[in-house]
């Protein structure tokens, strides 16, 4: 019992919070502001708590397992959710369904936790759905906006389709190996064509969730349609979680198919980077822009994943950590501006520096980090991904990735240019940022600068037991 | 292939059903019918699991449980999807998927 | 033994003047600049004379041979072992002779300029530049190292540039200064490559070592050097020829002479100093410095030198006859005389009697410095008085400027080779040397000497006679004492320098060379000279229309000569039409449109592709699903069937 | 001497600038900070010479090791040899001059100085790094400040230029990155230059990686035909920006080409030497000819930079000790010289508000000081003895000539021909702008340089002259280091 | 010779597939729903035929009783019961059919080529008791955790549906 409490503590705490919210909702007892503060506090405590009592072990047979690295991954996700709760507080305060929103978001987070910890295809599938269905509902949270519904519709239908394919793949794997337990499967795989086919089916489901080209098409539409809080959750938290489990599945389960998935990842990484970048070039809406940029970032993550070694894991986890800060900072600024002025286009950001220097600097830092420019952490993150990806001495692959960084720099600089250089007769008026939001932005900014320079963070990730 | 129905027959049915569903998903312009296609897809998977459970790994019951849970998930998914579709219908006055394309490029 | 400090001070004092006046002259020393500069140079001159005395009469001669001494040598920049640029002082007959010439003429110009340049706004700058020039020139003559000479060579060039462009707001002066610099720079390119070749062949940059290695056929360097060849000539030949190109450029040899006449845009004393007496003979000096290499190792190049000198001499003389700007006449005369010096070297051999040309060349250099500086300073006085360079504006000035008149006449006689003036002796020696070696050159030289006498006296008569006395209003037109003193001193020099037994001191191998005078040999040149003078007198003594008639009767030749044989135009064509329009413009265009265009094209292509594929993101969820299934099929087929 | 001071000083200055309250404070803090940097650079020079004089013949002096990413074997490894010392000295000169000439930047002063100092920081860090990763880090650090400096404070098509510069430099970095990782993996996970220099890298790998690294760094140093960011970038940048770009940034590339590409991959260098020579000879001549046709002073200097920097690449391609020494000298010389040139152009522009040669004339009359400096830098540019350019170019020529086949000779002669073309364009520019009659009557009211401009100019002129008059000290610094590099190339 | 059970199997298969095809091809939305229902019942029949009564029961309860009704209700809600569905573009149809057929062929080929490790024709049916015990077991092979997860999922889905559906009266708070 004690083991149950410690090993599943992240999930249990989350469930606790979810039920608390449910009771509050039923009791109708709190105003939005105070409820939000309470939630933020709870999430902070949850984040802090996630660093303690981390042990390694299995539960429910082999359905659930956890390791220090998994615990750390959960901490990253906790942090991300906490930051989102801070950054989007302007929007959250106004929303009619605050407890429901968090209930859904935390359910999804719970799903992700379980997914990362899953040792079994069934639990994996269920938690994947748990991490998806509530988010689709969340995507529709701007109830009055048609685009919000449209995005949600696209998300739920596409993900249902992709989970259909995933399930078919799982069924074939089950058929050919006779097991749905991940450790067992890795023993039983023999690389027969049917298994390859099944693997492709399973792989595409991951690809869909991670928005790998050509399974990415839903991403931009959903991101643009959803409220920014949901977009940032989708692009940061759910991407991160899927990346973590993706690595685990590839490295631990499909080890016999290493050659196949290596090349698959190489091909898809290139396609993802190129397509993501090319689409991002033209975007006007900041959310859509960040959507394509995050697709391109996933391409880089794939470069790291291709490593199939511990370095790959460490670099991906590290990158996701940095990505949490960078992307959330960008979304945070976008959220503040969108909430106060309703402006979401890059052209609206022209001359932003004149009126909102703080927001501009944070945005610029975030974009530089996404572009991988030192001294921001993104530089280190990207470099380690490429380092990991280069281990097989396929230099052309690294070269393609590195060249893609140029394109990405171009469009990130487009925003920077709009903010700093372009003249605008009608710039965004000075926005008063709430202290909480400011704090969150500063945390993000600090993270962007420090995570790279404080090398022990990476070293710590590398020491964590996998 | 024997005339006696066996695993391969079931797999044929399930795969066919799967791709019938996929075809429906691709071609039906009504969101609700697309959802129906999804149901076909999920059912075909269920059939797969049961078939494998029956013919290959009868003692384990993994496939059986998988099926049970998929049915539950299908219900939940359908519920949320229908809620979203209805919401979309309210603002769109249409559930033709071709009309829901404000978000693009 | 030579005192290194004293010798080093000779160039360094003018440098100090440059720095002092350049940095503080404008503000603090505006009026006293002339005095300061002159005082410093006077010291230098005294030191130079002292050094010359000491060298020639006290320590220079060992066993009857004048030694090459290097009292000071500092490694300035070491490239690799044994190959380094050294800064040093080299004392040998020609460098000491040049020290005297340079300091003396420079001193004269300094003194003269106090009067001539009085009241100029950039008076101190002028003296600063003079100091820089003197320093560079002295450094050049004292060089121990071929790279050192190149360094000072360039510095001399830039000083010349600065002084020609002294009147910086006059477009013609600016153009002339640029032209001078660029043309000599072009020649210096040859010099530089020549240095590279020679230094590579010899494995050193040091003059003494270089000459020693390249003239002794048994040295290893020599043996390897002759094995290299390029376009049929040995590397050494190429090197020597290229070095000569450098010399030819600075000495305004045909066809690199075009800058010299234009350089007369500078103040007249500057022309006297740089473009008559000192800098322009640097080319001669350079050839003399490397004479053993030319004479022993690459006689073919020496022959070229002879021909280039001879052609330059006659062409310049012919052009000089037609020019009307007095300074241009003098400029072409300078070119012609340097041609003499050049071919004198060209017809010489190394060592003993056959090396007469060498001694003669140096001798002529010496005497020419005196009388040509005198001519320029005299012309300067005239210009100062008339405020014009044009001969037509002058005439009958002998009453107004008697001292100028007399000294100018002496100089004219000297250059015309009338005994017993200085030019006679040096020119006779040159003609003799040519006669002994190359008859063709001898005849060219002979004719040139006649033409020389003609145009010099054309000048003389036009300025001082020709028109009636009362053409000019003012009574007394000569500058003050400071302007007359140099004229007188140089006049004495021009008259008497010929009596110096030059062969005693300067010869190709350091051994004294007997000077012979062959009276019967001298008759022809002197007679030709006198004929030229008489012709000039006949034409220009009084104002008349004979010159115009003569000019029209000569027709095309006159016109060609008047237009300097259209060489400038050829250059203009090459630079403007070919370099600018056919190379520069296309290069600039290519860069902006092709190279940069390519870079931009990659950017634009990316944008275009991005625009082209946007339809994929159609907003239709069913299409997304089709792509999804397509991806699945492609991946599956790829990895099931193809990849293995 | 603790090398961290060299990074610490600019970092602290930059932070102090960020915290300062008004423009005056910003300026004075920056000036003080850059003066400290200059002092430190000199201290380093003396300390270095002292160590060497004391017989310390280690290749790198003042080495420092700090672990950074231990598991990836990435360390802060610092150390200097003569090359680094010279480059650091150059940087400190340019930084202080850049700070001085920017004195009247009124728009976002604080940000301007902050970025300027950041740029300097990148350069210092780059030159002392002995770990490729850290080197790359510092190299990259300077890209964005450049972008912002041009984009915000620039003129003309500034956004276009800034973008082009940032993207092309990023492209260069991309190549470097790949080459660097290649080295990392082939040598058993090390980024350390000292370790890599002892590693035995197969020739095939070297031939693969060398072009990546060389071209990558080449982009930074305007390797033909990847130089097109230079004219646009330089001409659009604010004065100090151009100074930094041409004076420091381009040197980062040259240093990288030598220290990383050539030194670590000698076989690759030999393999590609001829291509490098051809490209740099083309750049030298072609740049010179292209310069001849420019009408804008900044374009003139930018194109002439392409030409001049070609000499340093030529020197590297020649692969002789003297040529490499010359290449390094050219880097230092060109750095100071071109910074000065841009500074002067900036001064002229501040007064006349035009950079078009045709719109100026006779400026010497109104601004004798500026005109004199213009002359000096022009003369330096055309390689007049007494100034640094001469020394460097001659060393390159001498070194190039040591290769005794026709190919190298012809390349050398071609390169040498540029000195004539250089004279043509420099004299044209000077003749037109400084000399001649005054073209625009309004210019008659213009004043001469102010104290800050004078000081900046004097500092840089001092640099040029110090090398030009007494090149020995620089030679002493660079030659042993070049020898070290040659030893590796020769396989000793 | 075909036994009765074989014939039954083929009938069920035909029902399932036939109704499935009709369900995705008819242009009457209401009929499509009915065909879907029959197809699902056909599958339930196959489950029965395979002696998986529990699953068959669940299938009928959840699908026929739940999802199909839900779908029919939503059809009514969107007021389209009588209308004909809009026509899909013929190009899309052909292309989809082609893609789907390729994928189907590919999959079938792989399935038929695969040697499944062992084929047991008759297996012991899973009794409801077994299922129930396993469902709540936390030991190896127990399904308590998925059970909990799905309960969370259903809760979340329910909340989500409620929120989205609540839109009609936005001024509740």
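Order as written gives the chain letters A, B, C, D and E; numbering starts at 1 within each chain.
As a working rule, a residue touches a chain if its C-beta (ideal position, glycine included) is under 8 Å from a C-beta of that chain, and two chains touch if they have at least 3 such contacts.
All values derive from a computational prediction rather than experimental measurement.
Undergrad: Which chains, if any, touch chain A and chain B both?
TA: Of all the chains present, those in contact with both chain A and chain B are C, E.
Undergrad: Most central chain by CA mean?
TA: That would be D.
Undergrad: Look at all chain centres (mean of CA atoms) and spot the one farthest from the centre of chain B.
TA: Taking each chain's C-alpha mean as its centre, the farthest from chain B is C.
Undergrad: Looking at CA centres, what chain is most distant from chain E?
TA: Chain centre farthest from chain E's centre: C.
Undergrad: So which has more C-beta pairs touching, A-D or B-E?
TA: B-E
Undergrad: Suppose each chain is reduced to the average of its Cα coordinates; what separation in Å results between chain C and chain D?
TA: Chain C and chain D have C-alpha centres separated by 36 Å.
Undergrad: Averaging only over C-alpha atoms, locate the centres of chain C and chain E and give their separation in whole Å.
TA: 102
Undergrad: Which integer distance in Å separates the CA centroid of chain D from that of chain E?
TA: 70
Undergrad: Would you mind pulling out the distance in Å between where the CA atoms of chain A average out and where those of chain E do?
TA: 31
Undergrad: Would you give the residues of chain A that are in contact with at least 2 other chains, written as numbers and ranges?
TA: Chain A, residues with two or more chain partners: 122, 126, 129, 133, 136-137, 140, 143-144, 153-154, 157, 161, 172, 175, 178, 193, 197, 220-221, 282, 410.
Undergrad: Spell out, as numbers or ranges, the residues of chain B touching 2 or more other chains.
TA: Residue numbers touching two or more other chains: 18, 21-22, 25-27, 34-35, 51, 56, 60, 65, 69, 73, 76-77, 80, 83-85, 87, 98, 100-105.
Undergrad: Name the residues of chain D that each touch 2 or more other chains.
TA: 167
Undergrad: Taking all chains into account, which pairs touch?
TA: Those chain pairs satisfying the definition are A-B, A-C, A-D, A-E, B-C, B-E, C-D, C-E.
Undergrad: Could you pull out which chain E residues touch chain B in their complex?
TA: Those in contact with chain B are residues 2-3, 5-6, 9-10, 13, 16-17, 20-21, 23-25, 29, 32-33, 36, 39-40, 43, 46-47, 50-52, 54-55, 58-59, 62-63, 66-67, 70-71, 74-75, 77-78, 80, 85-88, 92-93, 96-97, 99-101, 103-104, 107-108, 111-112, 116-121, 123-124, 126, 130-131, 134-135, 141, 143, 146, 150, 153-154, 157-158, 160-161, 164-165, 167-168.
Undergrad: What residues on chain E touch chain A, complex-wise?
TA: 106-107, 110-111, 113-117, 138-146, 149-150, 152-153, 155-157, 159-164, 166-167, 170, 172-173
Undergrad: Provide the residue numbers of chain B that touch chain A in the complex, in ascending order.
TA: Within the complex, chain B contacts chain A at residues 18, 21-22, 25, 31, 34-35, 38, 41-42, 44-45, 48-49, 51-52, 56-57, 60, 62-63, 65-66, 69-70, 73, 76-77, 80-81, 83-85, 87-88, 91-92, 100-105.
Undergrad: Looking at the complex, which residues from chain B come into contact with chain E?
TA: Against chain E, chain B makes touches at 3-13, 15-24, 26-30, 32-33, 35-37, 39-40, 43, 46-47, 50-51, 53-56, 58-61, 64-65, 67-69, 71-80, 82-87, 89-90, 95-96, 98.
Undergrad: So in the complex, which bits of chain B are touching chain C?
TA: 22, 25-27, 34, 97-98, 100-105
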